[in-house]
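Structure first, commentary second.
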């Protein structure tokens, strides 16, 4: 389908969609190329216009840089950044612990800030730079925080660990690692059921004290 | 396969975890992260009633939703061969898992009623919301307090009532304590969600990647359910993101994935939601315990009565050793215990870290603290006065017991001399300060394991065992034992583990992995040493010449990646040279190590721990801040102090959660869980946890296993909740006998 | 979640126009509450209008007031020099909420609009008049440990979960709004509603309204401030009760005081009676205790939250003590 250009249209909504493009794909023989919103489809199914209802998907283009690589994607708006990593981009390092922003296992950096990828709609990150645990170290050498976690045994099962490390690096960059007490508070958004907390604090304090660039 | 990467330019601590690099780089692959061609996604829809039956399910809208391949319910579920076994109606069901999609019966809230399968995760989650069910409600029973009349004796012999001496002797004692303690349902809540990828090959070959604590057990369960040959079932669990007991059985969601994968002919992944992790994969039972303690005026126990009620499900009997701690911890001539289970309409409970003892120790150790207070003697003094020098239940000597040392070491480290005997009299600013302690014990179990070792001509050692690790550090422990035994650098050892097809390892549980697998590693390395000695002692070798012929393993030192003659270390060769010079292929030995020696019957084998807590309580708000924790363990020889300390810390954190915040809440009107999520079910966060000091007695046990170790994964938690509760009493003078001790209970 | 449409707005007018055109559309900014509610099925907008590109992020002094744009991030506001210096109570309150990750995503406007975390609201198979008017209040005779002791009705006893809003209430903020009918302002005290018979309405916005920012007038109360949040664990948890206090003290006399509570009502709860009592009185625990007793007029427990009847006044006293002891 041809891209709809916004020039020549004065509707505010089109100006809104200056960059956005919508692609519609239909496979049903009965339904033609008209905009179909979810309730319409459901109504269609309910009233049995077509038992094999049109398999359609509405996708939004997205250009996003992840770990230094620019991705040009076309995804549904409902895809979270976390599920984009884990199910579409083969980046399973970021973990799903609750999917509701309650455990911190999905913590990544977006434009340098630590955020929860499970509550982030990927389409809202047009043009942003994302770093996941896979992108933290720049080569064979571990990032000082990764090494500190190993040295201080800041993990056991390892599942919350990527989120802890991304959070820990941000914690120091934010300037929130000036004391053990501050580290504890500012790391409280990352739950560790194995209970590695004291060693996590030690790892962060070590890196802070060591003065290496994080 | 755990590749032990230790870069040469970094100072590596030999105690660092061998899988550390994988975990900190996000390259450790957990169940849901495995790749499969054409994989599809499944999601379970749960019942919105607690008890009754499904009258109808309307799955039409779900079936027609974009991308949906199938919807499976009891109406169309393919027959699972193993479900056809007839239950014996005369006996309460034991080990009788819920048969998913077997019939229309609803046994608990959120029980799966449908499996929706679609080609993307987003589509399956959406389609799942389109399932509509009508129910016929039945009266539900979901609260233990309200259903005590339904309590019954468990059907297994291990749970029989026990008595030595006189029953309820405490009633006649000079000083007596008689109290009731209650604990809510607790849920394991590992951060990794229950996950499985099931992939069929043809009609009867199956591979699963799943969250399990025992790949062999999962394999067995799948065989029993689907009646396909055991060797056709491959179970992978190379990395497990915590479990704490919830992965000790194969759950209905796993069976559902296998059914679904067969139905759609594609690999199927199911990942439970966090809400489902609270409703569908077991819990530590809620418990009501009555303790009666009687003693002389001098503090010598004359009677212990310990009665416990704990919940099980309505369809299955779950039992655990809640009251057993009272039989063996203290020297007391008159002890009797009683235990009943109360069936409730919830998911069957499952062992949770320190099953039985974690629950029982809270009651017993709180009661002991109450007794100490009534006697006006120091709580540690009371423990020492009643120290059991032999196991009072079996009358066997202990294989080793350094509990007294644990009391002493822990007390010194926490600063126990700062504690006031009179509660509520110590303050720091406006905070009340309290010190408390608790004792923990758990069996030092060992059953067996098979490990294969392969020493290659390049001098590298490969260890293989099907055992898998949910966090304690199994591969690291195996590496350590082998490296120490053979004098190898840790990065010369590779561990291949976590799947079936490898030599049979144990299920990870019971604090027994080091004892089971470590012993097998120890034994296989001992056998390797014999083979190495044989090689070294071949005709014409420098060893043979220098040693008056006959080279035995005892004549050699195994160090620096090779061997040397003990009496003349200049006579040496690396393993690599030895094998190459002799044109030897890799040395391979498969060794089974069993803990079934005569010592098991001659000694009582238990690990012991003490927990000391200093905490602050705000008198106006009731907020509790744990200030300092000292946990001390008698766990025999400590194989790896780093990972062992982490286990102790982890258990202490779990104990703090148990004592101060964890509680499943059920709205009894509906029989539904209210707080089945991480925002409302509170596990400790970083700010809750202070400095935790871990101490080990580190004295060898002569009988448990060749290393002399005892388990510690669970004594790390057992006794901790009592230590916290006792510290709260010391701080405030308020004895809280129902967990968790939240601020509202203290104001 | 349904596969909703997604559009990005480049001006407030465009955003508003898009919203009122489509009754199934909602604004999205940080998404930390909205995406969660959508995942739970509590709300299912068919179109999301992304307003994160709008130029509503400023934090600055404007005409003697501290102006904070609606899209300013919670974390940025909490750490901003102007805020720390001039309205430190706001900074303290923000830092007590959620986690740094969430504060890095959440906006000021979103924080105000976040919905209650009542489990009966959140669970779509439970009765809830807020989520589905007429279905009843599950919490009223249910598990109501976290629920309101002030201003509730038999239709709804939920609490507003925000910490930031308690501070904004105490600081007499004004909410700046633009909507289909133009610009207007609402005093913060009138922004959130009591449940009454219409618990489905959390606040007094009308459809199409867009929060532009908040204004906080200067005050002399930035020397003695404290935000106390009492909760079931040390961090990353909602309040059992919370207290925001800011005082202007001269020669041990309370010249001005702002006092508000969270975790106790459907809206941030201003303690005017207590404030009026304390104005002109000396700093003393006895006065604090009397004020706290006054503050509890009309308080009513619903069973599991009866402890708040004691915790609330205790917390008020403690917060006043801490604030007045600070230099």
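The letters A, B and C name the chains in turn, as written, and every chain counts its residues from 1.
Convention: a contact is a pair of C-beta atoms (placed from the backbone, for glycine too) under 8 Å apart; a residue touches a chain by one contact, two chains touch by 3 or more.
Remember, predicted model here, so these are calculated numbers, not experimental data.
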Chain-chain pair with the highest tally of contacting C-beta pairs: A-B
Per-chain Cα centre nearest the global Cα centre, belonging to chain: B
Chain A-chain B separation of Cα centroids, rounded to whole Å: 32
Whole-Å gap separating chain B and chain C, where each centre is the average of the chain's CA atoms: 42
Centre-of-Cα separation between chain C and chain A, whole angstrom: 27
Sites on chain C at which at least two other chains make contact: 1-3, 39, 234-236
Set of chain A residues in contact with two or more other chains: 57, 76, 78, 99-100, 184-185, 188-191
Per-residue overlap in chain B, given as positions that touch at least 2 other chains: 66, 122, 126, 679, 684-687
Touching residues on chain C, where the partner in the complex is chain B: 1-3, 39, 41, 117, 119, 123, 125-126, 138, 141-143, 145, 228, 230, 232-238, 240, 307, 310-311, 314-315, 317-318
Chain C residues touching chain A - in the complex, by the definition given at the top: 1-11, 13-15, 17-18, 21, 24, 28, 31-32, 35-36, 38-40, 46, 48-50, 52, 75, 98-102, 104-105, 234-236
Touch list for chain B against partner chain C, complex: 48, 66, 122, 125-126, 129, 618, 620-623, 625, 660-661, 665, 667, 669-670, 672, 674-675, 679-680, 682, 684-688, 742-744, 747
Interface residues, chain A side, partner chain C - complex: 12-13, 15-20, 22, 37-39, 57-58, 60, 76-78, 80, 99-101, 104, 107, 113-116, 119-121, 123-124, 126, 167, 170-171, 174, 176, 184-186, 188-191
For the chain A and chain B complex, residues of the former touching the latter: 41-42, 45-46, 51-53, 55-57, 76, 78-79, 83, 86-87, 90, 92-100, 102-103, 105, 132-134, 136-137, 140-142, 146-147, 149-151, 153, 155-162, 165, 183-185, 187-201
